[in-house]
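Pasting the structures here.
Paired with chain B in one complex and with chain C in the other, chain A is shared by the two complexes that follow.
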Partner chain A sequence: MSENVPSELRYAETHEWVREEENGICVIGITDHAQHLLGDLVYVELPEAENNIRSGDEAGVVESVKAASDVYSPLSGEVIAVNEALADTPELVNQDPYGDGWLFKIKFINHAELEELLDSESYNEKVAAEEA
Partner chain B sequence: MGKHTPLFEQHQQAGAKFVDFAGWEMPIHYGSQIDEHHAVRHDAGIFDVSHMTVVDVAGPQAKDFLAYLLANDVNKLKPTKALYSCMLNEKGGIVDDLIVYFRENGTYRLVVNSGTRDKDIEWIGQHAAKFEVAIKERDDLAMVAIQGPKAIEKLAQMCNPRQAKQINKLKRFAVAEIDDWFIGRTGYTGEDGVEIILPAELVATIWQTLLRVGVSPCGLGARDTLRLEAGMHLYGSDMDEHVTPLESGLAWTVAWEPAARDFIGRKALEAQKQAGLRHKFVGLVLESGKGVLRNHQRVICENGSEGEITSGSFSPTLGHAIAFARVPTKIEETCAVEIRGKHVTAKVVKPPFVRNGEKTFS
Partner chain C sequence: MLIFEDSKPGRRAALQAPQAQADTLDIPSEFLRASKPCLPEVSELQVVRHFTRLAQKNFSIDTHFYPLGSCTMKYNPRGVHRLASLPAFLERHPLAPDVHSQGYLSCAYGLQEILKEITGMPAVALSPMAGAQGEFAGVAMIRAYHNSRGDKQRNEILVPDAAHGTNPASAVMCGYKVREIPTASDGDVDIEALKQIVGPQTAGIMLTNPSTLGVFDRRIEEISQLIHQAGGLLYYDGANLNAILGKVRPGDMGFDVIHLNLHKTFATPHGGGGPGCGPVAAGPRLAEYLPTPRVGKDGDSFYWLTEQDCPHSIGRMSAFMGNAGIILRAYIYCRLLGREGLHRVAEYATLNANYLMKCLAEVGFELAFPERRATHEFIVTLKKAAKTLKVNAMEVAKRLLDYGFHAPTTYFPLLIPECLLIEPTETESKEELDRFIAAMSSILEEMQHEPELVRQAPHTMPVHRLDDVKAAKELDLVWQAE
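Take a look at the complex of A and B:
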C-alpha cells in the first residue's frame, strides 16, 4: 500500500502526527495509515479549545462507518484551535490527512515530548512491523 | 488464510481490501464503502455473495418438509416465487433466516447464511430424515447480487434480446431460470435488482462484463449499511438462537394460519404470545449527528428500563447514525443511548429507514 509518511513530521505510536509551527505551536492530526485503516470517516469529536491536556490523554475520537478510534494527544499543553470544518466534512481527514484534515493545535509546554516522538523512518518501521 | 470464492482474483484486480467473514476472505470495500453505498442507491453495484450457502431440496415430500422446517409457510409459495423465512428451534429461537425459492420443476432452493452453514446443514439433515426428501448442498455454484435503480438496465445490456426480455419482465420476488442463470428479483439493499446463482466457472465473466458497463464492485461494508437502511436483519447481530421472531421485528414472517400446520417452534411462539412480549424491535435515529450508534450500546428508556442496539452504523443516505435495537415494549418516542459513557438522545422509529433511495420515517 502506498501510504504517505512526510519526512518533516513527527509521529506518535498511536498514529497521530505532529507538525511544529512557530511560537511553540504544533498542529496534530492522524496519519495516512490510520485513516486507511479506519476507512471513510463520518464523525470526529475534538477537544475543546482552551482546555489543557497532557500527552497521552484522550483528546478526541474519530469514527468511520465501521469503527471508532480514540485520538491521543502526543503533547502536553493548551488546545488553542480545533478544526471546525470536520464537524460537517469529516471526510477531509481521509482526503488530506496532513493538510485540511488536521484535528487540533496545541501550545506545548515541554519540548522534550516533541523530541521523543518518532521520526518518519521509525514510524514507517513501526507500521511495517504491525502489518507483518 | 480464509476460503476464497471463485471471484477472489477479480476482487484483487479491483483493489479490494479484505476481511475475514465466517472463515471466508471477502472484500470489505474497494476504496470507499460510502461511494459503493451511493452507487447502489443511485446507479448499480455488484456484490460477490458466493460465500452464502445454497441448499437444494427435492423429493415427493419437499413441500411438507419445508412447511414443517420453516416458520413461514411454503404452501403460500407459487412456482417461480421466493419467500423469506426464519428456521426455528423447538424453543422458537432462530437457527437462521433464509430465502426459499420454489422452482418451476417443483423442487426448492434455499439460500442460508455462511456463518451458520455447518449447524444449518446438520439441522436440516436431522429433520429431513423423517421425510422423503433429498438435500443437496450446492458448493459448485457461485452467487452475485446486482443491485440499484439501474441494475436491471445494465444487466440487460450484457444479455441477448431473449434473455433481456425475460429479465425485464421478472417481478419482485420472482425467479427465472435463464440458460445457466438462476435469477431472482431479490436483494438485501432496499433497491431494485437481482441475485444470480450460476456455475462457479461462469461468474468471472458476468463480473468483468458488468464492471465494464459501469457497475461498481461493492463490498461487505456497503452491503451492511444498505441492508440496515433498508430495515433488513442480519443474523448473529439482530437475532440468534436465544430470541424469537416475535421479539426481533420478524413476526410478519411467521405464518400462523392454517392453525393445523405444525412447524418447529410453533408451540413456543404461541406460548410466548400468550404470556405477552417483554421486548420489541425498533429503529433508532441520531439526527443530531453527535456520534455513531454501534452494536451492543446500551439503550435507556425514560422509566429507567434498558435495551440494546443490535446493529448500528452511519447511514450514508441520511447523513447520521441509525440502528436497530431490542428494547422494552414500553418505550417512549425518544430514549437515551450510551456512547462512550455519555447519554445521547435518539429518536425511536419504525424501520425501514430508506426505501428506493428515499427516507421512509418521520
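Take a look at the complex of A and C:
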C-alpha cells in the first residue's frame, strides 16, 4: 500500500493532518492512511462554525460501512469554516483526503501546539509501528 | 422480487374456513377508511411460493453453522417457543387483574429469582425492552444513586475502548461525559491508564467481562476496588454472559448493576432486530432504583410492585411489563436446562470456542491473542494476509458463504485490524466444527494460490456483492405504489 503522506503537512497521533495557511489559520482533515483504514465513507459530521474547541477535543465523526470514528481537533481555537460539500459527498475524503476532502478550518490560538505535531517522517514511523 | 410485484388487481386468496365476523357497526364513520389498503393482490399459491423461495435463500441457524454466535443468534430450542406460545399466555391481557394473571406472574417471579442467582445480585427488574434500554436503565440508576447522596460533581463514565458502541451511547443519553480507557496488549483493561483517569469526577465504569476481545479480564477485582475506592460504581454489560453462565457471577466480581440480553443467551432469536429484552439486576447500593414494575410475592400469591412500593425507582421503561413473550421463553429455557444445564451451556460454549481457536491456529491462521485462553469467542486477524496476499477479512467472510457457512462477525472489535470474531456456541457438534476448520483451511490455500477466487467471492449466492455504501447513503426500505 503506497499511502500518501505529504511532507509539507503536520500530523496528529490520531491521524488528522494540519496545513498552515495565512493569518493563523489551519486546514484540518484526516490522512490518506486513515481514510484507507476506514474504507468508503458514508457520512461525515463536522463541528459547528464559530465554535471554540480545544486540542484533543472531539471535533466530528467520520463514518464508513465498517466503523464510525471520532475526529479530534489537533489545535485549540475557533472553527471558522467547515467543508459543507461533505454532507452530500463524503466520498471526497476517500478520493482526495488532502484536497477537496478537507474537514474544517480553525483559527488557532497557540502556535506551540502546531509545533508539537508530528512531521511527515515521524507520522510515517508511527504508522509503520502500528502496522508491525 | 417483492410480493407486490406479483400483484394483479382483483386477485385474492379465499378464506380457508369461515371466520366469526366481529360486529363493526359501532365504529364511528369518521374512523372508517374510504379507500382499500394498499396490499398485494395475490393468490394463496403465489403467497406460499413467494415466502418459501425467500426462506430457501435464507442463511439461517436452522440450515447452516452460524459463527456469529449468541451475539446474534444461537440455537433456540423449539420446545421453549412452543410452551411460551400456549394460548393462556398469548391471550392474557396486560391489564388483566393480578388474580387472573397468577400463572404469568409466577413465571416472571421465577425468572427474577433465577436471574438473581445467575448474576449474584439481590434484585432484578425484567421490564427494559432491549439491551440498550437495559444499559440506559443501569446508568440512570447510577445517576440516581449519586444524586440521592448529593454527590453531583460526578460527571464521567469510564468505558474501555474495546466496549460495545452502545455503552458510550447509553452514558451520554444519561447526561454523562465518556472517558475512554485503553486496552493493554494482552487484551485486559490497561489498569495503569485507569488509575490515571479515575477520580472524584468518576460516576462509574461500564465493562463487559469477558470483553469483546474474547478474553476474561483477570484483574477485575483490582478494577472493582479502584473504582469503588474512588466512589464510583461498576456497570456490567451482559452481552457475553453465555461464557460464564453459572461459573462466575458479576455480583461476586464487584459489579453494582448488570443488564442481561435475554434475546442472546436465553432462547429468543436476536438477529433481525428484535424484539429484545434487557432485564437489569442490581446490587445492594442500587436495588431501590430498579425500574418498575417488578413482581412481588406474598405467601402463595404474586403481585405487581409499582411506584407506590418502590418510591426511589427510576420509573417505567415500557408500557406494562416489558416483552412478556421473551420473559416467558427465558424462564422456560432456564427451567428446561436446570442449574446443571446452564453450567453446561457455558462449558460447551467455551470448549467449542477453544477447540476451534486451536485448530484454526494450527492450520495457519493468526490469533489476535494467541497467549490467552478464549472465552465463548475468539479473534482471528488477517492483518498480515491483507498486506502480503492482498486478501482482506471481508473477502474471506464472503468466501465462507460459498462453503455453506455463515460469515462470522467482521471488523469488530475495531481495535483489531482485519478481524474475524468467531463464536461457535454450545450447540455445535465437533463434526460441524471440523467441517468449518476444513473450509477455513481450504480458503487459506486459495488465498495463497488462487487469491482472485477469494477476492471475487461469493460465487454461489443469489446475489454477489451488495453495494453497502449506496445502501447506507440512500436508505430505501419502503415499497411504494407507482
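Definition applied: the second predicted complex is superposed on the first by the 132 of 132 C-alpha atoms of A that agree within 3 Å, B and C clash if a C-alpha of one lies under 4 Å from a C-alpha of the other, contacts with A are read in each partner's own complex, and residues count from 1 in each chain.
In this section, a contact is a pair of C-beta atoms (placed from the backbone, for glycine too) under 8 Å apart; a residue touches a chain by one contact, two chains touch by 3 or more.
Predicted, not measured: the structure shown is a model, and the values here were computed from it.
In the superposition on chain A, contact of A:66 is made with both chain B and chain C. In the superposition on chain A, contact of A:40 is made with both chain B and chain C.
Taken together, the two complexes place residues 40, 42-43, 65-66, 68 of chain A in contact with chain B and also with chain C.
Interface residues of chain C facing chain A in the complex, by the touch rule stated above, are 165, 383, 387, 411, 414, 417, 468-469, 472-473.
Residues 1, 37, 40, 42-43, 65-68, 90-91, 131 of chain A are the ones touching chain C in the complex. Those residues of chain B whose C-beta lies close enough to touch chain A in the complex are 28-29, 32-34, 221, 225, 289-292, 294, 313-314, 316, 321, 340. Listing the residues of chain A that touch chain B in their complex gives 39-40, 42-43, 45, 61, 63, 65-66, 68, 94.
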